[in-house]
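I'd like to ask you about the structure that follows.
Labels A, B, C and D are assigned to the chains in the order they are written; within every chain, residues are numbered from 1.
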Amino acid sequence: MHKCERCASPATVHITEVLAEAKFEEHHVCETCYPKYMEDSQTKTGAAITSDAGAELEEALFGQQECPDCGIKFVDFRNSHRLGCSRDYQVFQNELLPLLENIHGETRHCGKTPRRYPQTKLAEAELTQLRQRLKRAVEREDYEEAARLRDQIKTVEDA
Amino acid sequence: MHKCERCASPATVHITEVLAEAKFEEHHVCETCYPKYMEDSQTKTGAAITSDAGAELEEALFGQQECPDCGIKFVDFRNSHRLGCSRDYQVFQNELLPLLENIHGETRHCGKTPRRYPQTKLAEAELTQLRQRLKRAVEREDYEEAARLRDQIKTVEDA
Amino acid sequence: MNLDSLTEQSGEWLRASGPEADIVISCRIRLARNLSSFPFTNRASTHQKAEIEQYLKGRLEKIDFEPRLEYVNLAPLSALDRQLLVERQLISRELANSEGPRGVAFAGSEIISVMVNEEDHVRMQVIRSGFTLDEAWQDADRLDDKLEEKVPYAFNEELGYLTACPTNVGTGMRASVMLHLPALVLTKQIEKVFRALQKINLAVRGLYGEGSRASGDFYQISNQVTLGKSETTIINEIRDVVPNIINYERQARQALTRENHAQVLDRVRRAFGVLKNAAMMTSEETMDLLSSVRLGVNLGLIDDIDIFKVNELFIHTQPAHLQKLLGRQLDSEERNTERARFLRNRLREMDSLN
Amino acid sequence: MNLDSLTEQSGEWLRASGPEADIVISCRIRLARNLSSFPFTNRASTHQKAEIEQYLKGRLEKIDFEPRLEYVNLAPLSALDRQLLVERQLISRELANSEGPRGVAFAGSEIISVMVNEEDHVRMQVIRSGFTLDEAWQDADRLDDKLEEKVPYAFNEELGYLTACPTNVGTGMRASVMLHLPALVLTKQIEKVFRALQKINLAVRGLYGEGSRASGDFYQISNQVTLGKSETTIINEIRDVVPNIINYERQARQALTRENHAQVLDRVRRAFGVLKNAAMMTSEETMDLLSSVRLGVNLGLIDDIDIFKVNELFIHTQPAHLQKLLGRQLDSEERNTERARFLRNRLREMDSLN
């Protein structure tokens, strides 16, 4: 069991600070010292750590969640620096987001997307558009156009 | 002025110890400490130093001789490690002999002799021999031999 | 695939062709991908890893992509053969030393390789000679598209490609440029380059990746950030900074030639002399000496030596290559003797050819 | 005498001929003599020194001795020319750097030289290649006899030949043997040899005499005692101890070849490689590298190189020789460049001749 690094009490709050190049630094403090630790680390390394530490406090205070798919806890990730499966990104979202913010400075992907993935997305957007155009065609009683759109929607839906 | 290396009095005895490879070591003691120094150095490095030191004491107590040819004193040799002329070997004989003993372990030359030098020596020995043979020839009345020896002695004497 | 034949050829990335090839050895794009329906490699059971391997092997061999990739099962290979693949940069040291079902698919040209069951299920890479980041990215992108036609990737719209380590999430891309910077090292300006690159979130590593010493004055510059920027943005950032480093190295080379010509010439000549004559030679010393020779060739201080041949020596003198070339296992001392002999013969051959 | 011509030839003592020439470079006998009618050099006025010089020059040029000695007046010579004579061991560093009328008589073969107004009025020496102490003594003895016919020496029956320093009195003879002991240095046994020699009153010095570093693994062994022993006794003592050192060095060489063959081969080859390729080279490094090469030739690790040529390089790369060979004054940096060039050309020449 860890002792608080600021007093002799048992540590109940365990903080992982993320440094450059995916290196991690462990900190262990007790609940009494935690606000003071927060204050110091905020002035030292900025807000990102604070939210990370905040998530950690939550975890420490309200119990540890486990991924239903791969079975890891966030502490396992902290020890191995590896996640167990892709679902972990959702399960530990609160803990991971500040960490990602810290590593990448961003939390939203804006690069390449798998072709098959946007195909369905694209289809949905297309369908929405086609259905709107169908609705407008019916409103102006252009049934030739409505028939063409109906067939087109059927083709996209079946794709 | 040097102080005695054994007490605080002014040093009156100056000793040069000769070490290996013509290196020298200076020692300065007062007359009171000198016998003790002698005793120690005798047990330490043997009799040679003692005689050297004895010569030094003599020099220190009875004044410094100067070579009439080149004008150096023994102290000049001690400083430069070079003698001034060949006569110095006679002038400073008392000081040099223990030093030579120390460097070479011997004090008498027994190597090569210049040919011209022993030629006279040889001539003397030869003459002595020839004169003895002449005396014996005369004794046994061999005057032919005596005449030959007389001429031979004359030749050597004239050489 | 007969791995022994690898030693008879050289990876394309060693060819010393392409733009700025005197300073830019190679460009590399690496993409990390995972299958959505399996746990990440570190949490997968041996059985699951075998399934993943089987699944990916089948698809890799069938994808509509030229050149055709050939799959090599790593588990049954000897440590020596795996080390050989590491030295050729076809697989990572981590994959070589890990356990369980795993493999690599690559084509003869060695431009493209796809690791299976590395830290992520799929790690594909493209290495090209010279300053060719865009071309490498085009290849990698195309390969990725083709594989994705057959394989459902773990992806979410928010975080992009999901990877075992959050440092790779997003694009899953590591773009890197391998530079030979002997003059910046000699003039002690390399630290300045490090600091500048770190400021703009670019990482600097040695020849064999993370944690390896920058021996032979080789430095690999790569992106740290994989999330929140598109692949082309990341590549553009590196593509824009590399010419500055190239210029900096060129200036250092010119300054050396101008102000310390004799010293540099001496260093180069001595390195050449030792390489051509020594009877024992460690891998580390080889790298350092070859680096000086490479600088000498580029500065025109050593005539008529093919820079490609020098590049090749860097790889062929690595422990596994050496043992493969000689056809037998060697202990460390034997390697040092054989490495020296190999260098002597090769360099004298070159000399007499010219 | 045109000193420049000296650089086109080599002293006999370098010839690497004679018994045990792989280890014994040369033997040297030096006799100190003074004129009885003058103060020693250090107490002689400039006028007296001029008289001494005039007197000795005349007699040296007329003595009935083969080879004919030619007298060189040192005072008007440049520092470079004097240094040249030092490097060839024809004069001492002390004589080169002293002041006033002084000179040296020697013959073309450079076996014999007679210094005038060194520490003693006359210092004659004979240097011969190989382990040839007796021959050297015979030459020196004969030359001494011939000079003594014309010149009254300072001598007394008690102390023998009288010299400016009592360390030379008696025979006035210093007999020395120059040994090349690289294996004893490499195996760190050389200190043992020193201690043993000191115990029996023999001195050990470097290549250029008293106080000089033993660079190139050359060691000069000589008698300390000059009084109370005849010349032949002194020479016998040295002649008897040298074979032990030779054997000790040979054993060390055999042990190296047997137990550290690869390391020695590596050392020798690297030295050769650096010498044939470097662009800058100090005199000190040259000595050390040539020493390794010399060892290599003697161990048969380098083929077909004439050991005489290697011996010659030791001398021809000394500062004054180098400048003479190039026909101009050089500063220290230029010398290092030209020395390297000289070594490259010479060693490559040798290689291609073989």
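List of remarks:
Please note the rule applied: a contact is a pair of C-beta atoms (placed from the backbone, for glycine too) under 8 Å apart; a residue touches a chain by one contact, two chains touch by 3 or more.
Just so we're clear, the structure is a prediction, and the values are computed from it rather than from any experiment.
Fewest steps needed to get from chain A to chain D, stepping only to touching chains, is 2. Distance from the chain A centre to the chain B centre is 106 Å, each centre being the mean of its Cα atoms.
Rounded to a whole number, the gap between the C-alpha centres of chain A and chain C is 33 angstrom. Between chain B and chain C, the centres computed from C-alpha atoms are 84 Å apart. Chain D has its Cα centroid 57 Å from the Cα centroid of chain C.
Pairwise, the chains that make contact are A-C, B-D, C-D. Of all residues in chain C, those touching chain A in their complex are 34, 36, 38-40, 42-43, 119, 141, 144-145, 148-149, 152-162, 164-167, 169-171, 173, 198, 201, 203, 224-231, 233-234.
Note for the complex: chain B touches chain D at residues 20-22, 69-72, 80-86, 89-90, 96, 99-100, 103-117.
Only residues 262-263, 265-266, 268-270, 272-280, 333, 337, 340 of chain D touch chain C when the two sit together in their complex.
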